[in-house]
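Got some structures for you, see below.
Below, chain A partners chain B and then partners chain C, in two separate complexes.
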Partner chain A sequence: MTPSTLPVQKDPFSSRKPRVAVLKLASCDGCQLAFLGLGERLLELAAAVEFVHFAEMGPLGPLTDLDITFIEGSLSTREDLETVRSVRKESRYLVTIGACATSGGIQALRNLTSGESLSGIYPSPGFIDFLDRSTPVASEIPVDLELWGCPVTGEQILGALRSLLFGTTPPVEHDKVCLECKRRAIACVTVTMGVPCLGPVTLTGCGALCPSFNRGCYGCFGPSENPETSSLARKFAGLGLPPDEIARRFLFINSNAGPFREEGERWRGDHSHER
Partner chain B sequence: MTDESGRFLERERFSVLFDLLRERGYHLVGPRIRDGAIVYGELPGPEDLPVGVRDLQGPGSYRLAPGDSGRHFAWANGPQALKPLLFSPRETLWDSRREADGSLSFSTPDTPSRPLAVIGVRACDLSALELQDRHFGKAPFPDPFYAARRRDLFLVAVDCSHPAETCFCASTGDGPDARSGFDLALGEIDEGFLVRPGSVKGRDLLRDLPLSSSDPVMEETLSNQTERARIFQQRTLPSQNLRGALAGRPDHPHWNSLATRCLSCGNCTSVCPTCFCFSEHEDPSLDGLSSQHVRQWDSCFTPGHSYIHPAPLRGETRFRYRQWLTHKLDYWHDQYGRSGCVGCGRCVSWCPVGIDFTADLPILLEEPDGR
Partner chain C sequence: MNDDRLLRIPVMARVEGKGALEVTVSHGRIGALRLRIFEPPRLFEKILEGRDFREVPDIVARICGICPAAYQLTAVSAIEAGFGIHPGEEISRFRKILACGEWISSHSLHVHLLAAPDFLGYGDVMEWARHDPESVRRGFELHAVGNDLIALLGGRPVHPVGACVGGFFRFPPAEEREAVASRVSAALPLAKELVRWAASLPYPESDRTFVSVSLRARDSYPMNEGWIVSSRGLSLDPADYEAHVEEFQVPHSTAFHSLLDGEPYLVGPLARLNLNADRLPPEILSLIADSGIRFPSANMNHSLLARALEIHFALRESLSLLEGPSPVGPSYIPADSREGTGIAATEAPRGILWHRYDLSGDGLVRKARIIPPTSQNQTMMEADLRESLETGGLDRPDDVLRREAERIVRNYDPCISCATHFLDLTVRRNDR
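Moving on, here comes the complex of A and B:
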């Protein structure tokens, strides 16, 4: 089919090709790769939209008059705050991609320290205009859609784009990793090996990737709805994990996401559970 | 050489059964070891069965260990029932297309038609299959995908000799020996198998098996073994009909105590051989010209299961757990004339936090004030 038959050029956008930007803040670039990993479908996508700004792919046009903006990375410097405020004004739809942009990412681990660790990493931290905390984009500006994952998948990106281009509500994933794990007929690693797995409190999206390789889920896709973290933490304790290690399970990729942070904080430095 | 009245198949000749099924065009599936569990997979021959292992099951725990039996079926069921073979975890129900003239067209994918022979089906799963048949086969709208797979199924059952610690089929009346719903059933003793047919297809195949006559000692060994398997089972489901018993106790405080343990993860409903809930969604192409309508396993533990605008009716875990148990053990009687539990024990073994409803039921059935 030729691009001229695409309905995307009609409602809800004007007759021009939708202008799309992919922006990066404090992040590892892994989520942008979800676009580049689309293969043939990236060509289809590039025919349907105009990538105005997408550093990982090439274009570095000005961030103005945008239909859809994808943001990767957390708010980590003062400059990030200014960038997102201005890009919000210029974007019709704004979508965060990945754990960093959506919860603050792995770098939000520094929120749990009092800043002392930074001097151990950077010889002259004064040169970096960093904020005290690494926070999600939605803590500064309104966000239309948040895609969880570390990294996000091409399917999530396409799903979001399709809906926004068609003017329909994007599908929001609610199922937990366990459901997908069972659909894929993976033998539960907690039950067969006693491996601690965050699957029961984590959104699916990865297709139960880690359990399919005999690993417990790391919680990349963030807390699910109705996350029963206390029961799961008690299970981890029953598997023999000491409190600090239980805390580390929750305070990892999405340490700044409410339910994970709260459960992690409960066990962190808490030795009352030990006999 | 076949003895007309014979029903004994020597262990050395077990592979003939596989050959005969293959000759008749069946694709062979059976229990295999994968990732530390016994799960269904392609089963070329008897040597691929989990020989020399035993399963140790308990609430939230499943382990395989070396076993000293040379038998082919000296273990109980793993996480999967027949369910995934018939009710696919995910499949496309129809495709829609926008044609050049702007009209919409719909097409259904070809219904699957690969004759499958499943070897090693247990009694609990045969009962569950009968329930799934009633659900998916219900007139006037039988499910065509389920029906196509079901039609071409050949079932070789095995009487259970080594129930797991979590099994309680004896108390639900569904096992441990296979009673109906199979084409052939095998009773395994040390020397081999006592074979009995359960259908015309089975009888037909039986005629070609190299059987010899069994002796009364063999028959007695088998029936004693089944009796021992029955007695071995410690867990029970109250044999009383629970119709009304749980639905009549929606405010029992024990539901809350269960909710402090339950993860709302849906592992129990996924492994349950009788659970049948699914959700459906559209998977459109990027160009907006076509879309697939997909169905996948759902669970009463998801928010979508009870979602009615603007929120799920069962938002909290205690309501979801209550729904699962009350439907399974209570409403099922109204729907299908029996309980939805066949005593396979999977929801006990495969619950990550080891919730065992056979332990909670007596508490739920007591009046809250202990009377």
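Moving on, here comes the complex of A and C:
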């Protein structure tokens, strides 16, 4: 389900405190820090909602009868698939937080290699329940809202919570990092320094952090709406990047996100693009 | 056996990552003890193969959201060692500020949100906050100051974007540097209170013999550089470390276990403090003297106090580094790739973090090997659990034993996300 079709209800939560769960699959734990790093606001939040299950903070209640479930991390074991199917049934709203849960994350780079990778690494791979591919949560179950970012910010989390608690459709970011640079009056790194930058095809949300550090965007917040990836790839070629390097630009933090994956695969191992 | 008893902690709360614990008690002794780590591996060492050296800092950051800067700092040092480049004093100074920020942030998170409720008898930080909001607020404030320091150098506390091979993409603007310095300065009294509070906690008695391992630096408390020492008298160049560390896989865990010269060992704040107290400034030494607790300490529970002391140290250190003159010259030196192997070790918040990269002449990673702190501590953690639970008496109720076991594990500040993703790609034990 896309956010624009999210069912908005007049009285989404009855008199009881909304029951909230935060789950972790394959991830670095960095998006959960968007909660734990809220400081004083975390205490206010905990007064407004009931954290039923949030292992890193402490509560380990059963994953049943949930109003909002946040999921960090990608699907990478059979157990993950069962967990998300069952939590979907128990959750009114289900929100993915971060690149891993939303696109498969950096570990989805393994999807591009053949399946023998694990046996080549572990001495005894039989110990491990492990799927060949790292995939987004939405590949298995319907997701109500996807928060992009590597990592997500506290503002994204609070914004989503606030909207859902008030029964309104959360605003969804559509702008590109490029536009954020214009707003913040950051000189374009591609124009002024010849640095390749994914800003023209990446969702904003970071505040154009990398260009403000004199470097190109590397795509933490995933593909923007209608991303012109092929024009940008040709621009990279014009800046002198060889095809493999162009491919690696797209196949990075969100390599499993459609437009990035397709563009990256077009250039990967392909030297016929010099046109 | 009809008196066999299985204690299960199916999900460990208040740790980073996914772990569980299973202990079998049989005839008054512990039989099987398995710290199960079922965090799925993310195969970072494999992901790194074929990537350009410039991409490495942003890849390895994703290994751990709690200590991304430590991964970046270790990676850039290792690659620089491989290329034979030396960024110099000014860049080292700002790298140290970044590391200080991460120590403060990570330690504050662990002390307040993860560990302290154990010592105070609360279920979690929320329950603690209802009884003692001031202490919790102090923790939040210190955590935020640590995050400010990281953001000063890297734009954001999780997966910062400022560090690169050769230095930084930019030095922080003077006005931002001054603003953060004043917040650090204001936090110093809080850290002093934190140390006093940490010294007053009711630590369970424990007197164990264990091997401490840390970096050692010529004239400072170790952070981003130095050689490796142990309480057994070992003294090594980081390049020789892997010859002494044996990593092995166990059936119940996706993280490797490690031995140093055949023995379990401890890395992290207590190991650092045990081996480097003589490198601390007099102000911190007098705080230690006031605490009534002596270092080196053989009580693992004193790790929390060690973290509090390191928060104070890192605030003080970063303040003096921030107050230095504005940096002149370029924020990085250009890196020309050359074929070779680069190795570096740093002190991440949780202890020694060791990286090795085999690089090709065109700057691509051929092979990577990473030894993170938590997999090094795993063998020791299991030994500690076994000994501590038996010493305390196994006839205690399951609930009591479970709580104690959780406290023991948390005290190591295990970062399970870090621990699981590292596999030795150079050793293929397929012959077994």
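Brief remarks follow.
Definition applied: the second predicted complex is superposed on the first by the 260 of 275 C-alpha atoms of A that agree within 3 Å, B and C clash if a C-alpha of one lies under 4 Å from a C-alpha of the other, contacts with A are read in each partner's own complex, and residues count from 1 in each chain.
FYI, contacts are C-beta pairs under 8 Å (C-beta built on N, C-alpha and C of every residue); 3 or more make two chains touch, one makes a residue touch a chain.
Small disclaimer: the values here were computed from a predicted structure and weren't measured.
Within the superposed three-chain model, A:Val52 lies out of touch with both chain B and chain C [touch as defined at top]. Contact with chain C, but none with chain B, is seen for A:Ala26 once the two complexes are overlaid on the shared chain. Taking chain B and chain C in turn and counting the residues of chain A each one touches, the greater count comes from C. Of the two partner chains, chain B and chain C are each touched by A:Asn214. By the touch criterion defined above, A:Leu241 lies against neither chain B nor chain C after alignment on the C-alpha atoms of chain A. Legend: residue contacts after superposition of the two complexes on their common chain; A:Leu109 is shown touching chain C, with no touch to chain B. In the superposition on chain A, A:Ala160 makes contact with neither chain B nor chain C.
Within chain A, the residues touched by chain B in the first complex and by chain C in the second are 214. In the complex of the two chains, the chain A residues touching chain C come out as 24-34, 36-37, 39-40, 42-43, 46, 51, 55-60, 76-77, 79-80, 105-107, 109-110, 113, 117-118, 120-124, 127-130, 134, 150-151, 153, 206, 209-210, 212-215, 218, 220, 245, 248, 252-253. On chain A, the positions that touch chain B within their shared complex are 1, 5-8, 41, 44-45, 48, 158, 161-162, 165-166, 171, 174-176, 178-179, 182-188, 190-194, 197, 199-201, 214, 225-226, 228, 230-232, 234-235.
Contact residues of chain B toward chain A in the complex are 34-37, 39, 60-63, 78-80, 84, 89-90, 260-267, 270-271, 281, 284-289, 296-299, 302-304, 315-317, 349-350, 352-353.
Listed in rising order, the residues of chain C touching chain A in the complex are 11-18, 38-47, 51-52, 55, 58-59, 62-66, 68, 109, 113-114, 117, 123-126, 129, 133, 136-137, 140-141, 143-144, 147, 154-159, 161-162, 164, 169-170, 249, 251-252, 254, 415, 417, 423, 425, 427-430, 432.
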